[in-house]
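Notes follow once the structure below has been shown.
Here the chain labels run A, B, C and D in written order, and each chain numbers its own residues starting at 1.
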Amino acid sequence: MDKVSFFSIVKNYKAVFLDSYGVLKNHQGLIEGVVDTIKLIRDEGIELRVLTNDASRSQVQQVQMFEDLGLRGLEEKEIITSGMLARQFLELKIKTGKFAYLGTENSANYIMKNGLTGIPISDVDIENSSDVAAFVFLDDEGFDWHRDINRTINFLRRNNLPIIVANSDKYYPISRDDVAVAIGGISRLCESVLNQKFIRFGKPDSQMFMFAYDDINETGNFGKSDILMVGDTLHTDILGGNKFGLKTLLVLSGNTRAKHAEVKINSTGIIPDYIADSILE
Amino acid sequence: MDKVSFFSIVKNYKAVFLDSYGVLKNHQGLIEGVVDTIKLIRDEGIELRVLTNDASRSQVQQVQMFEDLGLRGLEEKEIITSGMLARQFLELKIKTGKFAYLGTENSANYIMKNGLTGIPISDVDIENSSDVAAFVFLDDEGFDWHRDINRTINFLRRNNLPIIVANSDKYYPISRDDVAVAIGGISRLCESVLNQKFIRFGKPDSQMFMFAYDDINETGNFGKSDILMVGDTLHTDILGGNKFGLKTLLVLSGNTRAKHAEVKINSTGIIPDYIADSILE
Amino acid sequence: MDKVSFFSIVKNYKAVFLDSYGVLKNHQGLIEGVVDTIKLIRDEGIELRVLTNDASRSQVQQVQMFEDLGLRGLEEKEIITSGMLARQFLELKIKTGKFAYLGTENSANYIMKNGLTGIPISDVDIENSSDVAAFVFLDDEGFDWHRDINRTINFLRRNNLPIIVANSDKYYPISRDDVAVAIGGISRLCESVLNQKFIRFGKPDSQMFMFAYDDINETGNFGKSDILMVGDTLHTDILGGNKFGLKTLLVLSGNTRAKHAEVKINSTGIIPDYIADSILE
Amino acid sequence: MDKVSFFSIVKNYKAVFLDSYGVLKNHQGLIEGVVDTIKLIRDEGIELRVLTNDASRSQVQQVQMFEDLGLRGLEEKEIITSGMLARQFLELKIKTGKFAYLGTENSANYIMKNGLTGIPISDVDIENSSDVAAFVFLDDEGFDWHRDINRTINFLRRNNLPIIVANSDKYYPISRDDVAVAIGGISRLCESVLNQKFIRFGKPDSQMFMFAYDDINETGNFGKSDILMVGDTLHTDILGGNKFGLKTLLVLSGNTRAKHAEVKINSTGIIPDYIADSILE
């Protein structure tokens, strides 16, 4: 597949959905030149959303993080995280009461609204927890893995309640060479021991794309063919975008490196509509 | 979980989504009394959609089938099939050209619109098929399993193109005791040999619910909390409805029998908001 | 990993286990030169066994097949098939009565000894089959896939009995480019519908290697470090040989082609002790 | 399936293989009466082996543990652990050099013989570790889960070497109601992130049974039909015993409780030859 220029392609669309890691930033910080690309997108009047499988930060915190990295002017509403879907689920299905969680207090605060109270699994009284109405896998930090993963499993063996995973990724990059297990990976370990399937939020699931799609249609009038999805990962960004019916563009500035792109596309059967080196030109 | 009366629950909702098999009909035909229930739903002014993992019949043919069974007055727009999602995918992502398929000619005709031509895998020249732009798993009938499943695998080994599954169910009931392998099951066999994951449409995927949700909001104004999803199968109807944020009601008139319901709910962790014997009272 | 000469390596071992397809023969027939290699092995006094995931032919028929291809002098006892393990299982666990099967009559005859009678699934009276004591997946030929796969599933839904798979391979090569679904692939489709795991025989399972190991130790005195396993497929021959504790040699004359070998070894983590182009030099 | 008396069955066999947890002991200690049963087995002249998926203790330490619980007279050679298979693998395939591991120092000491040196993953210099020849998942204790599981994954991403799992169990019981994730569960999390399959040792794999079988045949003359396998877990003890061709007896004194036994047997298709309450009568 021939490579294209992102600039030449994006001009044909009324909206663009961007993955965060590997597209806008990497382990070293903001990808150099991204500020100019965002300016170009704005100058062209193209609607923008950032779609990220991340439940560790609120929208406000995401905007702040980009500002700290040097990308100013993103608006809160332009950030869509998988944590927002988890929060929406609780609002619709649980409404009031307590939810237990694995993650940081910060990640819990974000979904702890409107009558819901979060309680870390370390504070749950396993023998007497009938007041807990749901369990949420939120973040890979904020708890003792050995103690609290086992505690989670024994709590879930005793209680039959909705279990949701606020970020379905198995792992995430932390440097050029290294990764860390994400809460989605930890949730799979628990699924395997419990022999259950939890409710997962995040790309490639259609719900993430639907959320962004509904959002831009609150004020505008966008069809699916008006939108370009841009990401660095075949099995989340591209698969999800394809399935939702968007045109998809794979960038080689992140997870999928140039020399492996073709082999990966062939072996997975996940085919982007376009490939570009980055969103920088 | 205590059982409820469907009638008493449905009155609290502005719309109801019904699974077809196990809710409206079973292997013997229409479930007796369903005609009165549909009348009640209409009399209450509740919006109705039937959501079915079935790509073998068009909406028109589904309406006709229900009429032949004795349920008159369903409208074309009230039927939502997984085949419609496959068709939408082709319209958005492929647009023109040929798609190869496993299934009946009838099932292919339904998605063969707007410049797209279907060609059964038995008619594809495997050595010279660069004009084929997509492959669709449509139906478990209409082909020679031994010859054409192998043919499909060898075609897909040679060609890298979007592969979609128009009905993700592994199997479907054909009598009180018996089932038949569905095209979703055949697609999994091919995935296993090819070591790929195809794009699947149908419950429990959010897209099916989104399609219905967007559809009723074309003319009305429905929030997710206004809608009740009713089905007989935990891992399609109830899981999908829960994940989309709808209230869910499990009926015991189909796949999930009364004596197994509690064990299944406990072992899968898929928890309906309500359980009722059927939609008949 | 540097390539070695098979001749130079094999001389260090007292016994050699050879895979059949991709090592001795390919889709065109016997690999040219193999007759000389077998002669060399015999001249060196190295014990030889052929280990093949194949339940369609008896040992006698395998010897005949090699003779027809031009390789004379293999002895019956030198052939070890996964079908022999299925037969041994029935002898030990079932002993007498009927077993139902998917496969050819020939494949059934081979395991139909000592008081056991085979009955093709097409002849089983599904409603009245209490005399059937086991089910065997034998071969991908000899039955109507559509009718008999569905029939098998409905039979197994009604009856709780030992189910064995006489060849665990998902598919097998039939020409340079083409494959065919093997009975191991069909068994997985049935497992997926029934949500069960059957008992599978064949490489990479240790039992196949144990059978060969015990066999050569009937008359000789071989430790595991005296044996070299040679095969063309990482996840059957090499994984199985490694796990059993044998030294392993991957040949590039079959399934694993030279240009993909390194990538496959890295991505699977299945590491042969040696790599050679073939067993021809 | 009718229940039998263990005493009446075992007398028909020349050897008996016993699982440890759920058969001989439980979370409270030795199962009361087991001492008499072992005496009966010895008085009858029946050969005995204990087969346990445990790599945390050596044979000597296992014997000592049983003595501390009140069961005297087990001999070292009568204990067969999955750790012994891991050790055998290293002896046959690696021979000399370093292996990195997750587990306690005690578990590493046991397999650290004959020129092999173990190094905990926390002490490995990830950037410079070419002297490490294998990786072993040994035990769920002895390391910091958060730091060292991530460290293991990043080490294995950089190095292509044999990876073995010395205990394939996902979890183990620690009290009447509670379980703990075993090293087999942690290894699966790593497999899922790395997209690889490691080499696993332990029941239900045939190798564990083969080890015991070969061992009793060093001094005796046992066929497979002379041996009874006794265990409390269908998918390890019974599946493994069945597949190896032994007669199997399920006891209801551990993992599989009386009220669930029939449902579990039906839903898994793993069928013991006999069921007994315990080995106490």
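Assume a residue touches a chain if its C-beta (ideal position, glycine included) is under 8 Å from a C-beta of that chain, and two chains touch if they have at least 3 such contacts.
Source: prediction; values computed, not measured.
Ranked by separation of Cα centres from chain D, the top chain is B. Of all residue numbers used at the contact between chain B and chain C, over half are used by both chains, marking a mostly same-residue interface. Separating the CA-averaged centres of chain A and chain C is a span of 44 Å. Chain A and chain D have centres, each the mean of its CA atoms, that are 39 Å apart. Residue positions of chain C touching 2 or more other chains: none. Interface note: chains touch in the pairs A-B, A-D, B-C, C-D.
Chain contact summary for the complex, chain C toward chain D: residues 88-89, 92-93, 156, 160-163, 194-199, 205-207, 210, 224-225, 235, 239, 242-247, 265-271, 273. Put simply, chain B touches chain C in their complex at residues 140, 144-146, 149-150, 153-154, 157-158, 170-171, 177-181, 185-186, 188-189, 192-193.
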